[in-house]
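In the two complexes that follow, chain A is the common piece, with chain B as its partner first and chain C second.
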Partner chain A sequence: MKNWFLQFKQNPRGIVGLAVLLLWIFAALAGPAFLTHTYTGMDMESQLTGPGVNGHLLGTDALGRDVFSRIIYGSRSILTIALMTSLLSSIAGIIIGFTAGYFGGTVDTVFLRIMDILMAIPPLVLSMVVLGILGNSTIFGLTIIVSLAYTPATARVARGALLTCKGNEYVDAARIRGESHLYIMFIEILPNTIGPVIVEITARFAYSIMMIASLGFLGVGLQPPTPDWGMMVIENKSLILEAPWTVLYPSLAIASLVIAVSLFSDFISKVMIHEN
Partner chain B sequence: MDFLKRFGKRLGFMVLTMIAMSFLIFFLVEIMPGDVAQTVLGQSATEESVAALRARMGLDDPFHLRYLRWAGGFIRGDLGESLYMRGVQINTIFWRKVGHSIILALTALLFYVPLSLFFGVLAGVKAGKVTDSIISFFGLATMALPEFVSGIILITIFSVRLKLLPITSIIPIGENLWQNLNILFLPALSITFVMFGYVSRMQRSSMITVMKADYIRAAILKGMPRNYVIFRHALKNALLPTITIIGMNMGWLFGGLIVVETLFGFPGLGSLTMSAIKTRDIPLIEACVLFITFIFVLSTFITDMMYAYLNPRIRFKRGDV
Partner chain C sequence: MKTEPVLELKNLGVVYKTLTDSVVAVKDVSLSVGINEALGIIGESGSGKSTLFYAIMNYLSGNGSRSGEIIFKGEDLMGKSAQEMTAYRGSKIAMVYQNPYSSLNPSLTIGFQLEEVSMFHHGMTRPQARKAAIEVLTDLYLGDAAGIIKRYPHQISGGMQQRICIAMALLCRPDLMILDEPTTALDVTTEAVILDIIAELKNKYNMSLIYISHDIGVVNKVSDRIAVMYRGEVVEFGDQKIIYKTPKHPYTRALINCMPRAGVVKEDSRLNTIPGYVTRRSAAETGCPFVNRCEKRNDTCLDNYGMVEREPGRFSACDRAYATDIPEKELKAAKGHLPEGEDPEHKTVLKIQNLKKHYGHTGRRVRALDGVDLSLDRNNVLGVVGESGCGKSTMGHTVSGLMKPTSGKVIFDGKDISVSWKKRSPEVLREIQLIFQNPGRSLNPSFTIESIIGRPMEKLLGIKSKQERRKLIVDLLKKVDLGAEYLSRRPKQLSGGEMQRVAVARAFSISPHLLVCDEPTSALDASVQASVLNLLVDLQKESGASYIFISHDLNVINYLSDYIMVMYLGRIVEYGLKDEVAGSPGHPYTEALLSAVPDVDPSLKKGSIRLEGSPPNPTKKIRGCPFAGRCHRKIGDICDSTPPPRVDVTGTHFAFCHLPPGTMRTVIADKGI
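And now, the complex of A and B:
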């Protein structure tokens, strides 16, 4: 633990990243309690008012909805989906990748080929097509589909992590003791691969935020009236000359969150590599 | 000989991937809710006319037959007929859009390859110094931004503030892309933002690795000018991993084009894919997605071959590859 504090002191970028991320988490959890406007509340008196006018901190959009409130509410869905996606795709990846790597041989070869084939389609394209085909995306649907799109990549990482530990004596010892395969994989090996696994989860968290924002932007993310950062950008894009705040602030919200998470995940991977 | 063997193996895998992907895409579209004939004719159509159209389009045939007919058409170069734009052969609109996207991708390549190589080498040579910190931070930040966010930032700077470049990349009716080259700038720059991070990071780390190698240290200790060693000895070896990254990302770049083209309204493959999904134009969705996959697989294949060719350790290796 002490080591971690030391690492943090040497990596100001990591601190900044974590601080901004925590700020967004706080905004998502507690923010709505402080808001004076709701995300659907239309103020017909003040459509497209600039930032700071009539108590609208970041202005209003074409329907007179408060941009600031919509950004705060929007942070909830993106953080929830991204967190669940990074966890779910990592868990699925560990189960698949561990099974393949552990048993080796034909299982492993078949696994590798299937993953190579699935990785031939960019995750964004795959998710976009599936979501577009199924229509009406929900938080649940988005989470499942984005996780599935990421699983080939996470499974490969998990497999690689397992292979580095598989040859160790404690694995042989467990096998000779007569432990089950499941026990060896998840009780003996998993704790020893926790470093790369954590690195993968945090990196996946950053990718997921990017992906979910992009899907929202493409119109296949969460459907209105739920405020979605990506969607706010595209639905107001034509107003960029007239009312730039409607487009720029949601973009900056995305930018601050993804950059913060990337800085944090970069820090995590440095710490983990350092420890090994 | 080994090179040929590798070539054959990879080519085989490429074909296999394309077959598997075409099956997957066909299957995905198959589970799309709603009846195609009903969608085409509208809700008010009579049952008989829907049934007649189903029969005419061959929709009542079993799954494998329809798949084979569709895949067969692709191999012959027949992409089928659009559902949304009735009577329009996909071939007549598809390739022009693909051409636009390729020009956009090449423009982006022209921007980001020299930029990221230059700054990657600079960061690698100055590793740990302030220059390196600034370049690395910038790379990390731009890499994290989705293409549309960097696009909005660029539009705000170049179109809204400086009024230098157009906000949208639409080609006026009756004109072609060559008469409107300025519409390429902002979309290409948005792609550059994302790619810069990846490529410069890769270049930086391979530069650092190479600079630590014995033959480089020997050259410097021997008293050769530092810049000569960096550019003539180190760079040559440090470029190989970067070339791989650039090649691998070509397919990825085509996926990213969907976002960029949607933002700017650029008439390319990406916005075509998007509008196909919005209008539920099944044959067009299939054509677009399969083509994007093809570019992805092809670029991986070419990169792999180039890597093998450029790397003498693989080119001259004997025995099993």
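And now, the complex of A and C:
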């Protein structure tokens, strides 16, 4: 723990990242309690009013919905999906990558080739196609699909981390006392790969936010009236000159969250390198 | 020394500044090296011996600062700028480092790298430089010099690479050559050749040498005078023979007694150990650096300390090595007990029959083990020795179950166990344990010592209760001289010696009957090695377990084995009782190995057999004797064409050689080996 404080002192950008991230998490958890507007409520009196007018902190959109409320509510879905995605894809990646790397040989080759094929399709395209076919995007569906798209990359990272540990003699020592493969993989080796795995999870978190926002922007994300940052940008694209706030603030929300998570992720990787 | 010294150090000190404090790496070192003199520097890791010479060359990292004087041929190097130092580096003072592979550029030919030296330092043209390079290589006994300079570093053996590095240093025609553990990474036979060459070239080129090593035996072979370093200070300095015979500083004496050496065997004597471990020296510390670990300390050690010329040319910082006011430590061997009620039927614990392990495919088949037969009795220690690549580790791993033999049988206690760990029963797994070379890698860094030692108990002995396990673990820790406070520590918090003790405790946690030790002390310092060897001997005597002890170090093998097996290219070349093999070898390879071992006692002069080259390519099928190509006693064509027969010298001693039995013994007697 002492080490972490020292590291924080040396990395002011890490503090900024963590602070912004915590702010968003707070907004998602407790934000709605402070809001005066609902995210669906249409204020017919004041459509497209600028920020600060009629109690609309960040203005309203063409339907008179409060932009600020929609952003706060929107943070809930995006954070949930991104967090679930980074965890799920990391867990799946660890299982697949560890199995491939541990057994090696044919198992490794088959797994790697399948991963290669999946990686050849850009994750965004893959998700779009699947979501397009399913037609109906829910938080659950989005989570599964984005996780699936990111699994090949995490599997490769996990496999690499395992391979650096596999040659160590403590693995041999475990073998000759007759430990099972599962024990060796997940009890002997996993704790020693935790550094790169945590770095991977945080980096994946940032990627997932981008991905979900992109999917929303492309119209295959969460369906209206659920507020979605990416969707808010595309809905109001045509109004960008008349009512720039309708596009600017959701975009800023996306950017601030992605940058915050990236800064925090950089910090984590620095700490992990330092600890090893 | 009447002539002006080539290099003189006066009160040289090096201090490193870290975030929290400053660390003294070298303190108050005063040494001198005369013309054509060889100075050996001995010290354990962390004694500052390498730092000392980085300081001379001004190679210290940014946070290091120097003090004192460095006088090289009358000039003070201390005041020279980095720019001015380039005139000295290489051309006047050359260095050879430990790892030749990382000293050579892998993408340039050896010729190019050698020529570069003369072209840069002496302004030669390329053809002139090539001629000079070939000349030096011939001086280094590299047979086909013209062929070698066309090759790349990875195409030649480690011993040759190191000779290329020495050639590079020689091409500069330096006045002083500093060698920093140049043979530590090499096989003992290669080491012997290189040490020979170094000593010879020193006179030929009229250079001075500084030879840094942790191994007294190696330093003895090349040096005239020896300086012993401990925690950054030179504690003793003088003629090598006198230092060995009558060490003045208690540290020197303790260190010599730590080394397994000629005439010291487990039956009579334990190895000396030095309690505690080397700690970093802070700037505030004064007095004797060894005081906390010294057995002969008294009240004056902290104030009354400093190098004194005890006899002409003989300096030491302390003369209490044999002080009589403090009684000597008892180093008598503990008595072993033979397991009672021994059943003669089950005397043999392990039998190996025609064991083979091959890697790769047909066509490029590596024969790591090529037909090994042996049997090992209860309560015996079998030492397995040979150069790297002789298959000794492969044999250990096949016995312990890490790999499955290609063919042949491993029979343990009457049961056929020639399968890998996956197919062995828990009973067999419990009986055979393995201790690895590098404890840093064999202990899982994520686990506490308690779970590292406790897991085999839980898994193989079925002791499920944590309290019960803890009690047993504490007992075990006590046996390996560690306290209960280690239970919750993790391997990273331990020193190398402590880690290896934990590894030993883990191996003994399930009271195995057979322990395979794969070079368990080669990564450790002399004093730490001694304590681990003592521990292994004690535990063996106490438990009656059998050991297969694999090592490249004949001194260590000789100390603790009952039987010795010499391997070469996947086969046994000689097997017998310790005294038989070491005393009257029946195979020329054993003879060469024995003559190559560096002796701790400099007065032991042995006939030297220069074993050139390296073992033949293991992918080629050899019809005759595998050693024929390098053998100094080759009889003739028969050696190349017919596999050597087994010659039984005595009932327990045999060798595979075409030489008629008894020839070697008479020749050895003539040579006075």
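What we mean here is this: the second predicted complex is superposed on the first by the 276 of 276 C-alpha atoms of A that agree within 3 Å, B and C clash if a C-alpha of one lies under 4 Å from a C-alpha of the other, contacts with A are read in each partner's own complex, and residues count from 1 in each chain.
Simple rule for what comes next: a residue touches a chain if its C-beta (ideal position, glycine included) is under 8 Å from a C-beta of that chain, and two chains touch if they have at least 3 such contacts.
All values derive from a computational prediction rather than experimental measurement.
When both complexes are overlaid on chain A, chain B and chain C end up sitting side by side without clashing. When both complexes are overlaid on chain A, the residue A:N168 reaches chain C alone and has no touch with chain B.
With chain A as the corner point and C-alpha centres for all three chains, the angle toward chain B and chain C works out to 90 degrees, nearest 10. In the superposed pair of complexes, A:K237 makes contact with chain B only, with no contact to chain C. Touch criterion met: A:A120 reaches chain B, while chain C stays clear of it. If you count the residues of chain A touched by chain B and by chain C, you find the higher number for B. When both complexes are overlaid on chain A, the residue A:D228 reaches neither chain B nor chain C. When the two structures are aligned on the shared chain, A:S214 is found in touch with chain B, with no touch to chain C. Touch criterion met: A:N192 reaches chain C, while chain B stays clear of it. Residue contacts after overlaying the shared chain place A:I176 against chain C, while chain B stays out of touching range.
After superposing the two complexes on chain A, the shortest C-alpha to C-alpha distance between chain B and chain C comes to 8 Å. Taken together, the two complexes place no residue of chain A in contact with both chain B and chain C. Of all residues in chain B, those touching chain A in their complex are 13, 16-17, 20-21, 24-25, 28-29, 31-33, 137, 140-141, 143-149, 152-153, 155-156, 159-160, 167, 251-252, 254-256, 258-259, 262-263, 273-274, 277-278, 280, 285, 289, 292-293, 296-297, 300.
Within the complex, the chain A residues that touch chain B are 13, 116-117, 120-122, 124-125, 128-130, 132-135, 206, 210, 213-214, 217-220, 230, 233-234, 237, 240-241, 244, 247-248, 251, 254-255, 258-259, 261-263, 266.
Contacts from chain A toward chain C in the complex involve residues 168-170, 172-179, 188, 191-192. Interface of chain C with chain A (complex): residues 400-402, 421, 424, 426, 429, 432-434, 436-438, 441-447, 455-456, 459-460, 506, 510.
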